[in-house]
């Protein structure tokens, strides 16, 4: 399939490489050209050029602003993508932007599919991502072989693209909730004299065997917050987007509000370069440890 | 070994049966005698009688008050357990009571070990409990074959018995945190039009594969809160004990405070007979669903 | 002085009338012309026309969007206000918009002053408003006689206009905090059998003699939430703007987060037509009263 | 009237002096005898002796434990107060203890009245206290001249003594809420560049003219937390008692929970000697100021 791929960061490179390896005819674009080095596909001079003859074009970008620029800008997807082609947004963007993109592409005779992914760069490189996808059924059908090339499983969430974004954001909220709960529990038992590593070993050998407990519990027990796997400002952004979605839908989320305040405290105290799991260290700090 | 076993509720019966099956010489006691039916061991007329010749005596009781009555009462363990014998408290009791028991048994020339367990009645029956144990090393050594008879793994937490209680309470806090976070996330996505079962399938197939997410997510998706596996008032009690421990240790726990308020709201609105997972339905209710 | 006045709602009408009564040469503008009836001043056909020869032009509008439209629109103040004249924003707008307006007017050789007011429509009619004002000293000097005509006292907050907005928003946060605290206290004592009116009489005769306790306590004791003096969606908007300011400045505000969730719960449960004090009824509802 | 007075701390001394000055025949008791110096009344050797011939006996003591000791102890009020006499508890005690005292005195043919007071030592010395009183009507009638001697106004709260305690505790909750709200607001505006003193002057000249805003706002603006007027551990105790009452009555109080966590954080970080208003400094600290 002819595919445009815009955004060659840590995640995007792996995804693009797997699309190429699966035999698709990929046209790449990235703001700084050097990121495309080593990928066996041509680099287009603009997003428009990458998308001009594509049946589907991915965006895998840092935030709402970047996706807006690549879509609505003068060299953007909206003006260049052929009628009937699909814009696949794989980044974590706001529900509100997903709704705008859905309407805009529909007006232009194109399709829009939200397909945010769960997984870190190593999973992207290994084609082991989990994909949460929503959009019109025919558009999802077009995407199916592409998703097969980059992920281990696709979870369809219906025909409204914004729902996939809501699901993805809620997933990041759940991870941050794990961090906060572990942070409070470990502050408590550590101040009571329990060894954090023995504690964590117990938790993850019993009820809390999920990967998130192992990963984040380990970072907390070791107080190892740099280098950041997922930086605190990104975590804060996602909590903001969750709360914004909750505001639009009128769903109060007191735990998300607590997370919001934790992220602000972390950033205010110099944590901008830390991993987002560092919010889990604030309970210990509040307790004088 | 000669073992006293006091408290033959849903959990205690299974544990006692496994001790008997392992060849220990068990003497049983329960306030209402009929709970001992079917167990192949003699029923003593008082806790004192059950403990009088024991090397170790378990208590597996509902709450602090029951453990106090069976220990400090006129027919209690303190007055009857031989010097050098061990009182093993397997229930979820407060840190403060564990400290009192430690001191009282030491004064009486006896040992005290805290050994709360993770697992539900079926795990107790199958000798698959996880045991969190703390106490003086020689006392733990005496207990080792008994723990082997009732559980699949023991996690030692040092020589101060109260630490095991702190760990157990913090574990229940973590479970309740999972319920609250799922409750908020599911309220959000459901109000946004996502099917809760599809959502849960996605979560538990990816990052949140731990049993607690499957168990409690399923109850929430089905809104199935009766009959209670673990009743809301018990959940409230455990959160109160966690907060009490946090107060003594001066560890602020805002998420535990949120859980406290959720439990009170649930009980105030008629949830006393419901499973504790029903606190996870309050986010949806607050959002008008 | 030649004054433009844009926005003749409940507050604006009283303010404009007092400027006219003080002898200023006022030119009015309102989207729907009938709101100007009874005011002894000419109605201009556009904001631009109202501002074209003014030394100062007030905007007193519902929200950020309205102020943006009247300022940046084709017939807006920015394009029409003479060089050296002052745009006085008296509405409760965001800190971010105040910053944009400051920069835009400076670029156009004009002044911008933020002068949000405390007081309800009757205070506006009686020239009894409290004015919180910030802006460049020469601009504030121009405004002084105008403020004297509409208010009982002006509180200067320095030369950065956005500070006045921050102060005003924080004031609304403090009022909403009073409502929440009263709501919780009254839920507690009422469920304990205390008469709410006797309780309120005690509070407001002793430590809590400020007008806000009398006003909002009375509404809560009477459960009198309609008609709205200040509607719940406006309260929610102000809490959102406070939180947004806190986010920009990296100041965690857990009590503001609680208020946010209260407003969402109120709106989700059909409170959009109620007075914002109705958030104070949610504690009672959560407690089953 | 013959009156026993037990507890001559900062508050009690002033109250006792005013009872003496009003012509009542007062018998004093205090654990350390030197506190009675300068008071024109005899010092009894035990609480029993102070109460033995009294028509009414006050307790004005630090906490529940002290009131329990003076009432239920071998030399306590319960065993010594004549039938028909009144025990007046003027301290801030728990609702639960008030209920126990009500039942115990009734069993002994005595009366119990809860009459906690609002006011600081200078108000006690000046007979300017506000008294919140509840108890059986005949008992309150006996107390009336005594209340007139120590306070400026009495607020009756019905015939159940515990209600007065609930009201008093809720009042302290409201004060702590003011501190928290001011702490967040001042952290916000100060980080935004506003002068805290100018800000406070504005607040207390307009909507927030109540004494609590002036008193606590001033302490916060000056960061003047020592010496403590009312020490942080006492504030924590009162919030604990409010939450305990809310738990018994099943009233969730999220703002009280926030205050609880603030007090724990303050104490954990070395604030035990500070005034309770220091919890209002934590928002600024969290924001990196």
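First chain written, first letter: the chains are A, B, C and D, and each begins at residue 1.
Throughout what follows, a contact is a pair of C-beta atoms (placed from the backbone, for glycine too) under 8 Å apart; a residue touches a chain by one contact, two chains touch by 3 or more.
Just so it is clear, the structure is predicted and the values come from calculations on it, not from any experiment.
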Where chain C and chain D overlap in contact partners, by chain label: A, B
Pair joined by the larger number of C-beta contacts - A-C, B-C: A-C
Identity of the chain that, by mean CA position, is farthest from chain C: B
Computed distance of Cα centres, chain C from chain A, in Å: 39
Centre-of-Cα separation between chain C and chain B, whole angstrom: 53
Multi-partner residues of chain D (at least 2 other chains): 246, 250-254, 258, 261, 264-265, 268, 286-288
Partner chain A, residues of chain D touching it in the complex: 254, 261, 264-265, 268-270, 286-288
Sites on chain D touched by chain C in the complex: 95, 118, 130, 132, 153, 155-158, 160, 162-163, 166-167, 170-171, 173-175, 177-178, 180-182, 184-185, 187-189, 191-195, 198-199, 201-203, 205-213, 242, 245-246, 249-256, 258, 283, 286-288
Chain A contact footprint on chain C (complex, rising order): 240, 246-247, 250-254, 257-258, 260-262, 264-265, 267-268
